[in-house]
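One structure, as C-alpha cells, below. Some questions next.
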Amino acid sequence: MATLPNRQEQVTLDTFLRGIWEENPVFVMLLGMCPVLAVTNSTINAIAMGLATLFVLVASGALVSLLRKLIPKQVRIATYIIIIATFVTMVDYVIQAISLDLYNALGAFIQLIVVNCVILGRAEAYASKQRVGPAVVNALGMGTGFTIALLCLGTVRELLGNGTILGIQVFSSNFEPWVVMVLPPGGFFVLGAWLLLFEWLKQRKAEPAGAAEGATVHES
Amino acid sequence: MSPDSLGFIFLNAAVINNFVLALFLGICPFLGVSAKKETAWNMGLATMFVMLVSSLCAYGINLLLVRFDIQYLRLISYIAVIASAVQLVEMAMKKFSPALFRALGIFLPLITTNCAILGLALFQTFREYDFLQSLAFSSGAGVGFTLALMLMAGLRERLALARVPSVSQGAAMSLMLAGLLSLAFMGFAGLGGSHA
Amino acid sequence: MAGAQPQAPSQPRTPGGAMLRTLGGIAMLSGLLVVLVYHWTRPIIAENKRIAIEKAIFQVVPGAVTRKNFVLGPEGLFPGDAGKAKGDQVYAAYDRDGRLKGVALEAAATGYQDVIRILYGYDPGCQCVTGIRVLKMAETPGLGDKIARDPDFLANFEALDGRVNAAGDGLEHAIVTVKHGTKSQPWQIDAISGATISSKAVGRMIDASGQRMFPLILRYRDGFERRD
Amino acid sequence: MGFLNLFRRHKTFPHGIHPDDHKEQTAGLPIRRLPFAPKMYVPLAQHRGAPAKPLVHPGQEVVRGEPIAEAGGFVSVPMHAPVTGVVRALDRLVPSAQGPKTPAIVIETYAADTQRVGWEMPRDIDQMTPQELVQAVQEAGMVGLGGAAFPSHVKLLPPEGRSIGTVVVNGCECEPYLTCDHRVMLEQTDRLIRGIRMVMKATGAGRAIIGVEDNKLDAVGVIREKLKDQPGIDVEAVETKYPQGAEKMLITSLLGKEVPSGGIPADIGVAVYNVGTLAQLGDLVPRGRGLIERVVTVSGPGVARPGNYLVPIGTPLGFLMQQVGSSSEANELIMGGPMMGMAVASLEVPVTKGVSGVVVFEPDAPDLQRRPIHPCIKCGECLNACPIHLNPSLLGELAAAREYRVMEESYHLNDCFECGCCSYVCPSNIPLTQYFRIAKSINRETRTAA
Amino acid sequence: MGVPLFARGCGSEKTMKTKHRPVEIRTSPHVKKAISVEQIMRNVVYALLPVCAWSVWQFGISALALILVTLVSCLATESFFCWMSRRDNTVRDFSVVITGLLLALTLPPGFPLWMAAVAGFIAVGLGKSLFGGLGFNVMNPALVGRAFVQAAFPVAITTWTPSFLPGRFSEFIPSTLALPFMSPVETREWALERAVDGFTGATPLALHKFEQITTSTSDLLLGTVAGSAGETAALLIFVCGLYLIARRMMDWRICAGVFAGVVLVSLPLWLFDPGHYPSPWFMLLSGGLMLGAMFMATDMVASPVTSLGIWIYGGVIGALTVVIRLFGGLTEGVMYAILLANALSPLIASVTQPRVYGVGRGKG
C-alpha cells in the first residue's frame, strides 16, 4: 500500500479522491487484475462488476472498522475473509435475482471478488485502523477508482470489439469490429496500452521542457 | 475426444483455455512472480500442489453442502477450508520435508487467496465434474499455470537485458507480453475436438 | 455453519476465549446475513430460472406454452429432474390444449474454442428437430457465434429430418453438416461459411444425442402425454 | 557449416574461424638479418612474472650476448645485451605495446663493431641432468616466443603431483600474416629437433608431437624427412583454422583431451612449446648463449619490403619500419598478429621477446571495424565460433548491462582466453572480446579492492 | 576503428596523444569478417523479391497494393517509434523491410488494405519497437502482426481468392479497397463469376481437413492453389531460401529442424492410416509451411542461439504445426507454431547452454 495511515484521519476530499487517481487500485497499484481483465469485454459487465466490488468494499470496510477493536490480531485475516465472503455471497444472490443474463456473463468472477486483493488490502491497511467515516469514504474512493478503471477497459473493448457502447450501436452498421478486443489477448493489450499512455504522460510531464535527453537506456 | 473425457479436460485446462492466458485467473502471481525462472518454477510447483489440494477439498465439501442442501455457504466454506488445508499441508511439509518447504513455503500463503485456486474450485463445481474429472481439471490447470509462468519468466529474463524504451518498462510490458502469449495460445483453439 | 470450520492462522499465545468469541460472533453474523439474503432472493431466482428455461423450451418447440420435466433413460421414463433417476433430462412441451407439441433436450460437443451446449426441440410426430437454442458457448464473436443467431443457419433446424430406422435403434439417416450451399437432403445441415467447425459441432451433437434419444422418445412417447 | 566437417582431412577441434591468412606475402621469403639500430631499448619486464634486475651501470661497455640483468625470481629470466655498445641508462621509461611506459636499459650501439656474439659458455647437453637443463634454460633467458612470453623453464617443472608425458610442439601459426614459425621450421629444423630432445629429457616425456597447420605441408614434409631416425617424435598436420595454435585447442586436436577449466596443460600431463622457442633453445643452450634476437614477421598492406627478419631484442619499432620501407607515419601498427596483437600508439616501442610479428595496415584502408554497432541479433555465429564453447551473445548482453559478476559466476567469463573469434564473426559488429577483457579487469579490480 | 568502451567513466573512445597525432587505442581482434547486419538483411530482401514478384504475377495488382501498404506501414511505424523514443532512425538496417514483405506474403490476397496497414503497425509497434527494436523482439514481428489481425478480423483473413484470374492486372479484388474501419464486401460471388474452373474458396489444407480432398503435388509445388499472397509456390520459396543458406545468411539447421519435426510427427500417422492422415509430403508443401520454415522460423532474433536449442526449436515448430493442423480447430498452424516456439525459445536456450571447454567432462 502506498500509504499506511496509522493515525486517525480526518475525512477530506482527498480521502475519497486518492483511490481514484494517486492510488488507483488498477492503474497504479496493479491489484485485482483478474476481474479487470476478465469481465471487461462489455461496458455493462464492467459497470456491474465495478458496483459489486464497490459494495463489498464499502460494506466490509464499514464492518471491519466497526469491529476493529474487537478483532484479535491473530485471527484478523480470517475474520476479514469471512466478512468479505459474506458480502460477496449476498451480492452474488442479488445479481442472480436482478438478471440471470448478467450473472451468466460475469460467471465466477462475482464470487472471485472474495479473493480480490484490493478488498483485503483495504481492510487490512486502512479500515482496521480508522473510524467508520474515513473507512467508508476511502472504500468509496477505491471502489470508484476500481470502477473507473473497469470502465476504461470495458468501453474501449466494447467499442472496438463490437462497435457498441452499452449495447448501443455507435459506429455505422458497416463498421468492422476488431474481434480481438473482446478476446483474452485484447484485455491484456488494452490494459497494457492504458498503462503505456499513463507512463508516457507522466514521463513527458516529468521531463524539463526541451531536454533532448534520449530514452536510450544504454548503448551496446 | 469427448468433452467429458479426462484427457480433454486436462488439455482444455492446460492450454486451450489456459487459466492465466484465456480465463484471466491468477493474474497477480503471474505478473508478480514471473521475473525469474527459478522463482517462477517454484511458484508453479507450489500452485500445482495447492490446486490439487483445493480441488480435492472442494469436491469433498461440495458433497456435504449438497447433502445438507446448504449451497449458499459454498463460498465461505470453500475459502475457509482451502486456506486451512493449505496451512495444514504447509505445517506438515515444514516438519517432514524442510527442503521442499524452503522451495515452496514462501509462496504458499500468497497462493491461498488467489483467484486461480478459488476459481478452480468454483469451476469444477459449476461444471459438475466427478472425482477423477476434478483431478484431471486441477492437474491440467496447474500444468497450464506453470507453463504460462515459465514462458513469461523466460521472456522477461531475456528482456531484462534488452534496450527497452523507458515508457514500456515495467507492468505495461509484462501485460503486452502476456497479451502476445495469449495471442499465441489461440493456436491451441479446438485442440482435441473432432472436426472432420 | 461457517463458524464450525477450523480457522486458519492459529498462532500461539492467543487469548483463546476472546478469539473464539469474536470468530464465533462474526460467523454467526455472517451466517445470518447470508441466510437472510438467500431466503429473500430464492423465490426470485427460481422464478428467473423458470422463465429462462421456459423461454428456451418454447422457442425450440414452437407453439408450446407449458412444460413438464422428465428423465428418460434406457430404464424408462420418470417424471422429475435429473439426478433423481438415471437418464437424460427431457422437457416435454404442450400446447394450449395440453397436447404434446414436442420435447426439448440438451446436447453438447466441442466447438472451435470450447464446449458448445444447446437445447433443441424434437417433435415425435413428424420425427424431426424443430429448433435449437445455444445455452453456452465460447465461439469467436462474429464468426462461430453466428450459430446462435444466423437466421439461415437456424432455418436448418425448423424441420430437420430425424426419422428413426426400422430396427428402432438409431436414425434412418445420420444428421450431418455439409459445406455451405450444398445442402440437398432434409437430414443435412447447411454450414455457415467461415464457421464450419462450429456448424459441424452442432450437427455432431444433435446426431449423437438423436441416435441415442430419438428411439427412446418414440418408445416412451405415450408416457409424455399429459395426464394431469 | 557443420556438415562439411564430415569431409575434413586433418585433425582439428570444434568451432573456430577461417580468416583470410595473407601469408603468401612472406611465406616464401627466407629469414634475413636486420641491421642494428643506433640505440637499443631492453625493457626489464618482457614476460609474465617478476621483472629482471639490472647487473650493469650507466657508462659501462657491454658485449653482445653478455648478461645485463638477472632473473628477479623463479618465474623470471635474465636479459642479455643485444648489441655491443655502451649502457646509457638503466631505467629509461619507454612505451610498451600494452600502453603504460616501463623501465628499460638503453644501450648505444658501437657503429663500427661487427656485432659478433662475444659471450658464450658451451655445454654438453647429453651429459646434463634435468635439473641442470632447467637452469640452463632459465639462464638462456628463454620465454615463450609464441606470444605469451611465459618463462620457458617454469613449464619444464610440472606442479607437485603431475608429470609430463607428452610434449606438444606448436607449429600452427594460426594468426593471419605471420610466417616466422613457418620459416623456422623450414630453415632451422635440426635446431628444432635438438630443442625437442632437450625438453623431452628435461621433463622426462616419452613422446613429442609437432602440430602443423595444413597450409604449411612443406614444413611437415621437411620435418618428417628429418624425423626418420628420431623415435618418439611425430609430426602431424592439423586443419588450418584459427585459433588452432592456442595450446588448449592444439591439445584437443592432437590428443583429443581437454585442459580442465582454470587448469594448465600440465594437469593432463602435457607441455606445449612453440617451434620458435624450441629452435632457439636447441641453438642457445648447447652454446651457452642468451636470447638476444628473434625472428619477426613484418607484413601487411603498409609495408614495402615485407619479410621475416632476425631482429635484435630492443630494436625500436621506428627503426624497424624505416628498414622495411613503411614510411607513412599514419599507418596502423599491430604488434603480433591481427587477431591477438596489440595496436601500438608509438614508434618508440621496442621489439621484445614475445613479438612474433608486426602487421602494418594503411590508415585509410576500408575498415570493417568502423561499421556501426547494432544490437545483438542472436544469430548465434559467435557461439559457433567460440572455441571454448562459451555463449558470447549472452555474455555481451550481460556486459552491456554491467553484470560482470554474473558473467563470471554463471557464464564462465574467466574461461574466455580472448581469442577474438566472437568479435570477428559478429555481424552486428559488437566488440565482444573487448567487452570481456574489460569485464575481467573490472572483476579483478573489485576483487583486489575488496 | 575505435571501440567505444562502455565501462566506468569511458563512454567515449580513449585517445592517446603521441608526437604526431592522436591515436585511438584499439584492442584485438583487429580484423573482422566482411558480413554485416545490413548486408544479411538486404540479401534476405533480395531473396524475397522473387516470391513477391510471383505473388503479384499470380494475384495481380491487389497483391502489389498489399505488399506496398504493409511495407509503408511498417517503415512508417518504425520511423515513428524511433522518433518517439529519440533514437536514430533504424529503417536503414533493412530488417523492417523484411518484416513488411513477409507480413504481406502471409496475408490473403484481397485482404482489405486498411487492415493490412493495421497489421503493419501492430507488427512493428507491438512486435518490435515496444521491446527496443532490432534484436530485442521476443516474437517474430511479422507474425505478431498477422496473429493480431487474424484474431481481430477472422473473417477477412480466411477469405481466399482464386489465383490467375483473367482480369487481375486491371481490376482490384473488391474486398481490397474496403474503406478504413469498414467491413469488406463479400467476394464469393465476384470470385465465382470470374473463376474459370470450380473455385471452392478453400485452401488445400481446408479442403483436406473438411472435405478429404487432397490437392496434387504439382499444384502445390507451382502454387496454382488458393492461399496467402506469398505462401503458395513452395518450390520457388525453397529455392530462394537455398540462396540464403548458400550465402550463409540463414541457419539451415532451423529449416531442417522444422522439416524433420513435420516428418517425424506426420509420417507415423500417415503410415498408420493413409486414408485419414495426409502424407508428410503434402504437409511439407501445403499452406505456409515452406514460407514459415524458410523465412520466418529462421528469424534469428526470436530463436535460440545454442546449437542443440536450434534443433529443438525447429523440431517444436514442425511438430506443433502438424498437431494444430490435424488435431486443432484451425486448418493452418505454422504461424501459431512459430509464435509458440518463439515464446519457448528463451527456455530452450537456457536448458541447452553449451558445455564449456574443460568443464564437467574433466580430463579426456
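Each chain gets a letter, A, B, C, D and E, in the order it is written, and its residues are counted from 1.
FYI, a residue touches a chain if its C-beta (ideal position, glycine included) is under 8 Å from a C-beta of that chain, and two chains touch if they have at least 3 such contacts.
Values in this document were obtained by computation on a predicted structure and should not be read as measured data.
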Identify the chains adjacent to both chain B and chain E in the sense defined at the top. A, C, D
From the Cα centroids, identify the chain that ends up most central relative to all protein Cα atoms. E
Counting C-beta pairs in contact, which chain pair has more, D-E or C-E? D-E
Using only Cα atoms to place each chain's centre, name the chain farthest from chain B. D
Would you mind pulling out the distance in Å between where the CA atoms of chain A average out and where those of chain D do? 69
Roughly how far is chain A from chain E, centre to centre by C-alpha average, rounded to an integer in Å? 39
What whole-Å value do you get for the distance between chain B and chain D if each is reduced to the mean of its CA atoms? 60
Report the inter-centroid distance (CA atoms only) between chain B and chain C in whole Å. 29
Among all residues of chain E, which ones touch two or more of the remaining chains? 4, 6, 85, 126, 132-133, 135-136, 148, 151, 154, 210, 329
Residues of chain A that contact two or more other chains, please. 78, 82, 85-86, 89, 93, 179-180, 183, 185-186, 189, 215-220
Touching at least 2 other chains, the residues of chain D are 373, 375-376, 394, 397, 400-401
So in the complex, which bits of chain B are touching chain C? 1, 3, 8, 12, 16-17, 72-73, 76-77, 80-81, 83-84, 87, 189-190, 192-196
Per the contact definition, I'd like the list of chain E residues that touch chain D in the complex. 1, 3-8, 16, 18-21, 23, 25-37, 39-40, 93, 132-136, 248, 251-253, 300-307, 310, 353-359, 361-364
Footprint of chain E on chain C - complex, ascending: 112-113, 140, 142-143, 179, 193-194, 196-197
Listed in rising order, chain C residues that touch chain B in their complex are 1-2, 5-9, 30-31, 34-35, 38, 108-115, 138, 197, 200-201, 204
Would you pull the chain E residues touching chain C in the complex into a rising list? 154-155, 158-159, 188, 210-211, 329
